[in-house]
Amino acid sequence: MSASRIAEAFANGPAFIPYLAAGDPDVESTKEYVRALVRGGADIVELGLPFSEPIAEGSTIQNAIVRSLSGGMTPESYFELVADLDIDVPVVCMTYYNLIYQFGDEEGPEPFVRRAAAVGIDGFVVPDLPAEESGPLREACDAHGLDLVFIVAPTTRGERLERIMEQVSGYVYVQARLGTTGARTDVSDQTDTSLGRLREWDVPKAVGFGISEREHAERIVGGGADGIIVGSALVNIVAEGTSAGSVTRAQNVAEGSSTETVAERLESKARELKEGALAGRENRPQPERP
Amino acid sequence: MSASRIAEAFANGPAFIPYLAAGDPDVESTKEYVRALVRGGADIVELGLPFSEPIAEGSTIQNAIVRSLSGGMTPESYFELVADLDIDVPVVCMTYYNLIYQFGDEEGPEPFVRRAAAVGIDGFVVPDLPAEESGPLREACDAHGLDLVFIVAPTTRGERLERIMEQVSGYVYVQARLGTTGARTDVSDQTDTSLGRLREWDVPKAVGFGISEREHAERIVGGGADGIIVGSALVNIVAEGTSAGSVTRAQNVAEGSSTETVAERLESKARELKEGALAGRENRPQPERP
Amino acid sequence: MSTDTNTKFGRYGGQYVPEALMPAIEELEEAYQRYVLGNEAGFMDDFRERLRDFGGRPTPLQRAEQLSERYDSEIYLKREDLLHGGAHKLNNALGQVLLAKYMGKERIIAETGAGQHGTATAMACAHLGMDCEIYMGERDINRQRPNVFRMRLNGAEVNPVTTGRGTLKEAISETMRDWATSVEDTHYVIGSVVGPHPFPRMVRDFQSVIGEEAREQIEEKARRLPDSVLACAGGGSNTMGAFHEFVPQEGVGLYAVEAGGSSLEVDEEGGVAPNSASLSTGSEGVLHGARTKLLQDRDGQIMESHSVSSGLDYAGVGPELAHLVDEGRVVPVNVDDDGALEAFHRLSQLEGVIPALETAHAFAYLENEHENLGDCVIVNVSGRGDKDLESVIEETAEREIDIAPDMDVFSGGGL
Amino acid sequence: MSTDTNTKFGRYGGQYVPEALMPAIEELEEAYQRYVLGNEAGFMDDFRERLRDFGGRPTPLQRAEQLSERYDSEIYLKREDLLHGGAHKLNNALGQVLLAKYMGKERIIAETGAGQHGTATAMACAHLGMDCEIYMGERDINRQRPNVFRMRLNGAEVNPVTTGRGTLKEAISETMRDWATSVEDTHYVIGSVVGPHPFPRMVRDFQSVIGEEAREQIEEKARRLPDSVLACAGGGSNTMGAFHEFVPQEGVGLYAVEAGGSSLEVDEEGGVAPNSASLSTGSEGVLHGARTKLLQDRDGQIMESHSVSSGLDYAGVGPELAHLVDEGRVVPVNVDDDGALEAFHRLSQLEGVIPALETAHAFAYLENEHENLGDCVIVNVSGRGDKDLESVIEETAEREIDIAPDMDVFSGGGL
C-alpha cells in the first residue's frame, strides 16, 4: 500500500490534529472554523459526525453534539459538508459504529466508507469499535484506500495491544488518560507510559484526551508523541461563541466583548498548540544511536 | 332481696328512662337538664360517666363524651354531681368497665360500687361487660344493694340469654337493633322479636337504641316493653344548645332563635316521649287469660 | 363455651365487649377450635399452602454479616419484611380472612395503624374474593399514604376515623362499632394479639409460624438455640409470633422492644403519654375487649400514645405478653424515637435491609444492649420500611443523625 | 479470549465499547468463566445461599385463582415481586456485586431506569460492603422518588443524568462514561441482558433461576410443562430469566411483552418513538456495546423511547432475545399504556398482588390473548408496584379506567 495522505501528514514533524463536531452550531460555521484551524497549522482534521449516544465523550463534546443534531446534522449533510471543505489537509471522520452500519441500502459499513471516500475523507476513528469487531470496517477501508485509526487506552497492554497494532493504519490514537474526552489543566503521567509501550511500533502516535494548552502540547511531543489531538479545548471556543450569540467581529466590537471572532480565536488557539508541539520536538532528547 | 327503687319505678306503668352524659357540657348544666327530664316525666335517669373509648356509642354520644371530658369530668366529680342532684327518681350509672375497675386504692370494682352507693346511685349499666366477666361487679352490687342491668342484643339467644337473665337485676336493657347508640327515624322489627324472646322472664324490659319520637315510644310499649330508654335524641338537644352557644331563654330571645332553653326543650321532649309510652300501654292488646 | 381458664392468660385477657358482639365471638371461638386447632376441612393445610404460595413463606433467617461483626456475636435476621405486603401482618390477616370464608362470612372489616395490617387484610380479601373495609385514623392516613393507596388498589374501602388523635386506638374503637352493627355477616379481622378472646390466642397461633420457622432455621444454621430473641412490640403480634415457640425454652431470652417515643414521662393533665411503652410503664386495665397493661391515667381514662412509628402507637398490648412479662418470661424494654430512627439508617446502610420504623426499635435495642444479649441473637424483622420513607425524611430532617444520608437529591421536596 | 462464536447470539451481541473498557471486559469474561461457569472458590454456592437468605429465594409459583377462573385456564404467577427489593433485579445485582467482590473490585456503579436495578444494586452493595454510585435520568428520578430514597438509605450515591430526555438510555451512556474513567477498581453492574459480551450471557445466567424454579414448581403443581410463559421485556432480563430454562422445550410458547406506549407509530422528525417496542418494531443496530434490535431513525440515531413504565422505557433490547425472535422461538408482542394501567388495576383487585407497571404489561397481554395461550400459562411477576403508586395516581386520573378505584380518600393530593 502506498503511504496514505494521513501518513504523509506526519512526515514533516509533529502533527497537530484538531477535532470539531460537524454542524456545531451549523454547517457554514463548521466550514469556517475548519478553515481557520488549517490556517492555524492543522496537519489533519478530525471531524465528528454526531451520534445520539456518544458514550466516549465528555460533557463539552456531548453538548456540541446536541447543538449539531438539533441543527439538523445527518450523515448525508456531513458528507456534503466535507465535500465542500476545500482544504489541503487530510480529514478523519470520527463517529460511532451504528451510523456507519446503518448508512445506505446495503448491510454493513461498505456504503458508508464508499461515500466517505467519494467526498475525500481519508480515514476513520470509531470510539465504540474495538479491534475485535472491526473486521468488516477494516475490509471496507482497505477496499477504498482509507485509514482506520484505533485508540489505545492506558489499560491496553500485551496481546490486546498487539492485536490492535496489527490492524491500525494512519496513526494510533493514544488516549492520554482513562475516561472520556474533555479539556484538562494537567498532563497525565499515563501518557509517557503509553508512549513507552508503543515505542517498538513504527506507526505515528498521536496523543489525545485532555490537551488544552501550549505547555501540554510541548510536554507530550517532548515525550515522544508524533502528534497531538485537541478537541474539547477547541469545542469550548465554539460553545462560547454560541452562547455569546455573536459570531462576527462587528457584533463583538459593538457589544464591547472580545474583539475576536470564533474563527479567529480558533485560529490563534491552533497556532498556540502547534507552536507548543514544535517546541516539544526541539526539546526532545535525541535518541541515542548505539 | 327487697324490691329495689329501680324495680319500683316500673310498678306504675311504662317507665321513661332518659340518658344524658354527665358533664355535657358542664356539671351545672347536667344538673339542670336532669331535673328538667324528671319534670318531663322520667321514671329513672341513666347518667353516663364518660370513658375515653366508648366503643358502644354512636357519634352523638361520642361527641357528648368529648365535651364532657374536655370539660374536666372525672369519676369523682361524677359522684359529686350525683350527690348534688336531689331528685326522687332512681339513678343508673352507665359507664365502661375500666373506670369501675380503676377507681379507688383497692383492686376490683368494690370501691367504685361503694362510693356509688354512698352518693345514691341505684344501679349500673356497663356496655362492655358481658355476663361472662361480670362476677366481681355482680358481687359488689349485691353487697351494696345495687342493681346490675344487662343489655340483651338482637343476637342474644338460647343459653347466652339464660345466663344473662340469671344475673340481671333492676331491668333488662333490650337493645332495639344491632349497632351503636344513636337516634333513628324508624323502629326496628328486631324489637318485637327480642321482646317475644324475653316474655317468659319476669323482669322489666326497657328498650333502647334509636328511639327518638313519640310514635317510637308508643309502638314499642304497645309491643310489650315495660320501659323505653332514650339517649341520643336528648343528647342532640344538648348538643344544639352547645353549638348555639346559648343556654338561657333571654339570650335565645335576644338572638331571635328558638325561644326555649335547652332545659325546656329537654323537658318537653321528655313529656312527648312519656306520653307516647303511656299511649302505647293503652293500645296494648290485653293478654288473653285462658 | 368459653370458661375462665381458656379466655385468659393469668389475670389478663377475657372478653370485655358489648353483648351484641358476644354471639359472634362465641361463633368465632368455635370456628377457631374446629378449623384452626382441629384442622377441620383441612383448614390449616389450606392456610399453610396459601401462606407459602401467596405469601412467600418460609421467610429466610439471614445471618447479618455486618451486624455480627459490629457486635462481635452472631446476629440473625428473621426476614418477615419479605412476606407479601411487606410485613408479618399477612400471616394473621390471611388466616383470619380464610377462617371467615370457612365460616361463611361475606364481609371483612379491620382497623389499621401503620397501614400494614390494612394492606395485608386488603390483599388477603382480594386474594379470597371478600368485601373489605378498613378503618384508619386520619392522622395515620396522612402518615402512611402509600399504604392507603395500596388498600384502595386492592379494592378495599378506607374509612377515615376522625375521633381523638386519629390513630390506631380510635380506629379499633370505630371498627368495633361497625362490627356491633354488622356482626351477622361480617368478620372483624383484628390486627394484633389484642382484643377479646379468642383473638389474642388465634392471632398468636397464626403468627407463631415465625418462631417455628426461626427455630428450625437456627438449629440448622447454628446448631443451637439462640441466646436471645428480639422483636418490637406494639400490640405484640410479631412479638408473640416470634416468641411463642421459644417460651418453653428457658435458656432463650425474650425481649419485647416497645416504643419509648420522645419520653417515658406522661402528661396526666393532657392525657398524653409521649410513648407507647405499655408493657414497660403501663398498668392493668381493660381496653378493647381485654384486660391487659395499658397507658391510662389515674381514673382509668386511656391516654393518647405516641411513637414515630404508627404501628407501635397504641396504648394497650396483647394480654399474653402482659402475662409473660409478669411471669418474668419476657423482658419488656424500650427505645426512643431518636434511637429507632438511627437504627433505621444503620440497618439500611450496613445490611441493605430497610426496616419498618416499628422494626427499627428492635435494632436500636440491639445496638444499646448487645453486650448483654449473648452470642447468638435473632431479631425479628417484622416489616420493610417502604411505607415509612416520607416519615423518615421528615423526622430525620428534624434531628442530627450522623449516619443519615444527605438528601440533596431530594432538594425538590419530599417524595 | 473472546471469539466470535461466544460473544454473539447469531448476528447479535458482540462488544462495541471504547478500547478503554475492553481490558475490563476481558477480565470480567475471565471471572465469569471461572466463578460463574466454573464455580471457582464456591462462588455459585455462595451466590445461591445469599439469594436464598438475603434475597428470599425460592419465590413461589402461585396459582392465580381469580384469573384462572376469569380465563378458564390455569394461570400461574411466578412471584419475583417477593424478592428482596421488590423485583427480579436482585438476582442479577447480587450476582454481579458478589462477582466484583471476588474479582477484588472496590467500587460499584450502575445505571437505573425504574430505580429497581438501582435499589437492588444499592442493597447488594450494602449487604456486601461495597461503595456504590447509581446513575439515573432526572426524569426517572422524578417518576420514581421512593426508589431514589431507598438507594440513598442503603448508602449509595445517586447521580442525576440530565442529558437527553433523562431516562434509562442516557443513564446507561453516562455510567459507561464513568466506567471508562474508573475501570481499574470499579465494576459496572449493568441492569439487564444488554451491553457488551459477557453481560447479556452473565445476566441471563444470574436471572435464569427464575425459570429453573418455575419449571420445577409447575412440574410439581401441574405435573406438566406450561403451554406459554409470559414476561414483560424492557432490556429483557426478567424475560430471559423466565424463558431460558424453557427455550429447549419446543412446546412451550414464549411471549416477550413490550411496552407499546401510546402508539407504535414513530415520529422520525422528532426522533421520538412513543413506545419501547424494539423487538416488535425495531431494526438491527449497535447500541451500548451490542448489536441488537433498536428504535432508531433511518440514519441510525437512537430514538427517545416512551412507556408509562420507566423500567421498559428503553430503545434497545438484549441481543439474545433479538436472536430468539429472529429464530421464531420467542414471540414479540406488545400492549399499550392504557392496557397496562388497566391490567395493573385488575391484578391488584382480583388477586391482591399489586404489580409493577412493567409487569402489568404481561397481564394486559394475557387479558387480550388468553384464548390463544393454551391451558396452562405462567406469567412472570417481575416486580411489585409500590414504586409506581405516584405514577399510577397521575396516569389513572388522565384516563377513564372503569375498574380503577375512586381516589376520594386522597382528596388532599398525591401521596
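For the reader, a short list of remarks on this structure follows.
Letters A, B, C and D mark the chains as written, and numbering starts fresh at 1 in each.
The rule is simple: a residue touches a chain if its C-beta (ideal position, glycine included) is under 8 Å from a C-beta of that chain, and two chains touch if they have at least 3 such contacts.
As the structure is a prediction and not an experimental result, all values here were calculated from the model.
Path length between subunit A and subunit B in the touching-chain graph (shortest route): 3. When chain centres are defined as mean Cα coordinates, B lies farthest from subunit D.
Look at where the CA atoms of subunit B average out and do the same for subunit D: the two points lie 66 Å apart. The centroid of the Cα atoms in subunit A and the matching centroid in subunit D are 38 Å apart. The multi-chain contact residues of subunit A, meaning those touching 2 or more other chains, do not exist; every residue touches at most one other chain. Multi-chain contact residues, meaning those touching two or more other chains, do not occur anywhere in subunit D. Shown here, the protein chains touch in a chain-like sequence that does not close on itself. The set of touching chain pairs reads A-D, B-C, C-D, using the touch definition from the header.
The touching residues of subunit C, counted against subunit D in their complex, run 52-56, 59-63, 65-66, 79, 81-84, 86, 122-127, 129, 141-142, 145-146, 148-150, 152-155, 158, 160, 345, 348-354, 385-386, 389-390, 392-393, 405-407, 409-410, 412, 415. Put simply, subunit B touches subunit C in their complex at residues 51-58, 62, 66, 69, 74-76, 96-103, 127-130, 132-133, 150-157, 160, 164, 175, 178-180. If you check the complex, the residues on subunit C that touch subunit B are 2, 7, 14-20, 22-24, 26, 163-164, 169, 173, 176-177, 180-184, 271, 285-289, 294, 296, 298-302.
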